[in-house]
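Down below are the structures I want you to see.
After this come two complexes, each holding subunit A, first together with subunit B and then together with subunit C.
After this line comes the complex of A and B, so read on.
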């Protein structure tokens, strides 16, 4: 009995650990690019992709759904970039537009699916708020692969990415392929967000990117330290939140993780304020 | 089309119209995503008030929702000023926290009541005509419609009263503070109004589509309008068209009205972005093409002058490195101009 419980808790725990790590790493760069709300947009925009994949394949396996979400997220990022480049509309208005219109499309598909006589539609509901407790061995395998891809790619483009984030004109001047680096970064962002939908769901995924990055920014003074600090805090908050949600019946995982992550971050910010007012 | 459907359509139009004034303000001010933050944070106010008064029909719930929506704005602005957070991170930090707290409170203390997170996310416009406003035995129509009309009137009156100040604050904040137009007061006042509008609307359309109704028509109007007044009129007409088309499509296909309206705002946005007369992609391409042609034709005339009046297409092509197609276009342009 004890072994079984341990095993049942181990897989979600490892899954959340990987998601928290990835979100912390990539969130740092999104924070430095001042585009954390792009994460919110991608997360919301993944909904029509998930529903569409479900409708298209009639298959509730999470691999298929995640792939659909990935495609929709990429479409959203591409649209946002195109609109930012070719129109004079403010980028926040563009993000809000893409976010809400894609989500509306998702709602229409969702209501369509709810009328179909298929039992597997319950799977879709877990993407709204996330349910880490239902992570399976296959999901863990997928998450590990995604995590490896994200980390390796990020380490490969680390220095160019930092230069592009802090001084895009300089990067242009010294002949860096800025476009390629940013595209790679956006793909990583979409990958991480879509993978994180398992844990915290569509509505709250952006928080897992922002909160660790904000805390890490307040504590550290270099990009490397910030990234590792954010990854560590993301993983810790994920584990703590999951333990909290497992401690009582029916507690949703996503909100628990978000409360732990943001609560810790607010403590860090408050400590910083207190120190400044004393000094 | 029976009376019920008519009422539903009217409610949809009214709901879309309420969001116009706050939407235009948010878009011009550059804080569109604050509407997203507000509409999510509302839930905490509702849940908190519900746990206090223990009734789902008390107007105090709406007061709580308004306070929570306003609180998230104040917290965001405060953390931007004091903790030096960038705007996007400050917005993204607080509203998921509020929303998660609300969901946690619901699952812990209010699970057996009719307070459902699905309704908050998805809205239930379809059932709006069934809650009637009955005063003294007379049925005045659906509550949602009357509330919507009152709120629309209120937003318009507020805009008329504050029109000059708003425009000053939006387009020249430094001048506004010099002339004591009180930019901060105006900003927080408009945010309070936005919060009230979000409260009145979100139970009908859900917290994400509120963003579609506020931001998308205003963003489309930004492409076509040349003044704030025009922008309001354009945004209002886009939202009416979106509400009518969205409702019609949803009625034909029998799916979510709310989602359909959101999609239609998006379709109108796309049409405007591509086809607006001056600022649309096609219009821009047309203007740029004309400018390039004019410049290129000057080059060609120069070339002809330098070569004492002799000109053939191949030399021009090679001299300026143009493609065959572009050379043809330029020559055709000159031909048309000289005729």
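After this line comes the complex of A and C, so read on.
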């Protein structure tokens, strides 16, 4: 019995650890690209994909739903990129519009599914605010695979990505495939966000990308240190938030993780301000 | 100066929307010169350089760099962009910015060698920024930042150097370092192209000039280009006079 309880607690803990690590790593680059709002748009835009995948397959397995969210997230990024490239509309307006349209569509589909006599539909509600405690062994396996893909790809494109984010014009002039590198980065961003949705939820997933990166930026002086610091803080905040969520009745995991991550980040920023005012 | 053109441009036309920014430009720039691209605001100076380095896609025209068509020839060019194109709050050290100049040589997945470190240090030494190697790029003054970008271009070890408005907003020390380094590179046989606003200063540092106003007004040795009739064609009025007057 004791072993079973330990096993049941270990799976969500490892799952949230992987999500926090990935969010910290990829969130660092999203922060440096000044694209943190894009993360919010992707997270919200995944909802119609998740609902669509459920409707299409009548299957509530996380693999199917995450794949649906991944496709919808990619569509949202493609739309944002096309509109930014071919129109003179500001980025904030584009991101806000895409987020609202996709999330609205997702809520319509979710409402429709809730009226259907299918027992498996209950799983969809967990994508709104997250439920790390109900992560299964299969989910952990999926998160591990996604985590490996994200880390290996990120390490492969690390130097080119840093150059592109710092000085895109220079990257063009030395013949770097800027478009390919940015596309790979956006795919990783969508992958990380969608993989974290089940545990953190569409509403708050972007906070887990941003908060660790903001804290790490205040504490470090290089991209490498920033990424590792953000990954460490993302993982710690995830674990602490999950423990808080497990210990309090009816507290969804997503808000608990985000409050811990953001609270810690605000403390770091406040300490930095206090140190500067003393100096 | 040598007689073989380092860069040739034939019938180059660039549009922004439906508006021509460069209209049928044909020039040949000899090797081993400092060539200033001059003209009034909106004349297409930066666009001309952007077309050479591949940042702007021309509507038509043929560009040859070092005897090769532009896509291949660009591997011989080091480029120093305008200040505005860079994220100055990026957490990166001066040393790492200059090291970016070495990636084309050893590939993005290759290891940084001792030779790379030596070249980076030499480049920083040349522009007087070695003591600031570990400083963050955002902690430097504007002039120091410009020197770091010159060092990055030097670290590329390319025979052709292109600089987009390098003298804009420079302090006296940085301007002096820029001039010294560019003269030294010319002596070594490098070809240098730079976009500049200050007409009065052009003759003091450039051997060659290209005067633009959407169309080519004149190109050739500096003294033959910055004549009053050509400048009136470009600017609509006489502009030569005291240094600094010509920022029109």
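Following the convention adopted for this analysis, the second predicted complex is superposed on the first by the 279 of 279 C-alpha atoms of A that agree within 3 Å, B and C clash if a C-alpha of one lies under 4 Å from a C-alpha of the other, contacts with A are read in each partner's own complex, and residues count from 1 in each chain.
Throughout what follows, a contact is a pair of C-beta atoms (placed from the backbone, for glycine too) under 8 Å apart; a residue touches a chain by one contact, two chains touch by 3 or more.
Bear in mind the structure is a predicted one, so any value in this text is a computation, not a measurement.
Novice: Which partner chains sit in contact with A:62 here, subunit B, subunit C, both or neither? Use first/second/both/neither.
Specialist: neither
Novice: So, does A:253 touch the first partner subunit B, the second partner subunit C, both, or neither?
Specialist: Neither partner.
Novice: First (subunit B), second (subunit C), both or neither: which does A:226 touch?
Specialist: In the superposed model, A:226 contacts subunit C only, not subunit B.
Novice: For A:173, is the partner it touches subunit B (first), subunit C (second), both, or none of the two (neither)?
Specialist: second
Novice: State whether A:163 touches subunit B only (first), subunit C only (second), both chains, or neither.
Specialist: second
Novice: Among the partners subunit B and subunit C, which is in contact with a greater number of residues of subunit A?
Specialist: In the superposed model, B touches more residues of subunit A.
Novice: Once chain A of both complexes is superposed, is A:108 in touch with subunit B (first), subunit C (second), both, or neither?
Specialist: Touch partner of A:108: subunit B, not subunit C.
Novice: Output the subunit A positions appearing in both contact lists, the one against subunit B and the one against subunit C.
Specialist: Touching subunit B and subunit C on subunit A: no residues.
Novice: For subunit A, which residues count as touching subunit C in their complex?
Specialist: 32, 156, 159-160, 162-163, 165-170, 172-176, 217, 220-223, 226
Novice: Which residues of subunit C touch subunit A in their complex?
Specialist: 53-55, 74-75, 77, 79, 81, 85-87, 90-93, 96-97, 100, 103-104, 108-109, 136, 152, 156
Novice: Which bits of subunit A are touching subunit B when the two form their complex?
Specialist: Listed in rising order, the residues are 31, 34-37, 39-40, 44, 83, 86-90, 92-97, 99-101, 103-108, 110-112, 128-129, 203-204, 206-207, 209-211, 213-214, 218, 248, 250-252, 254-256, 258-259, 262-263, 265-266, 269, 272-273.
Novice: Using the touch rule from the top, collect the residues of subunit B that touch subunit A in their complex.
Specialist: Listed in rising order, the residues of subunit B that touch subunit A are 27, 30-33, 35-36, 40, 79, 82-83, 85-89, 91-94, 96-97, 99-101, 103-104, 107-108, 111, 117, 121-122, 206, 208-209, 211-212, 214-216, 218-219, 222-223, 255-256, 258-263, 265-266, 269, 273, 279, 281, 284.
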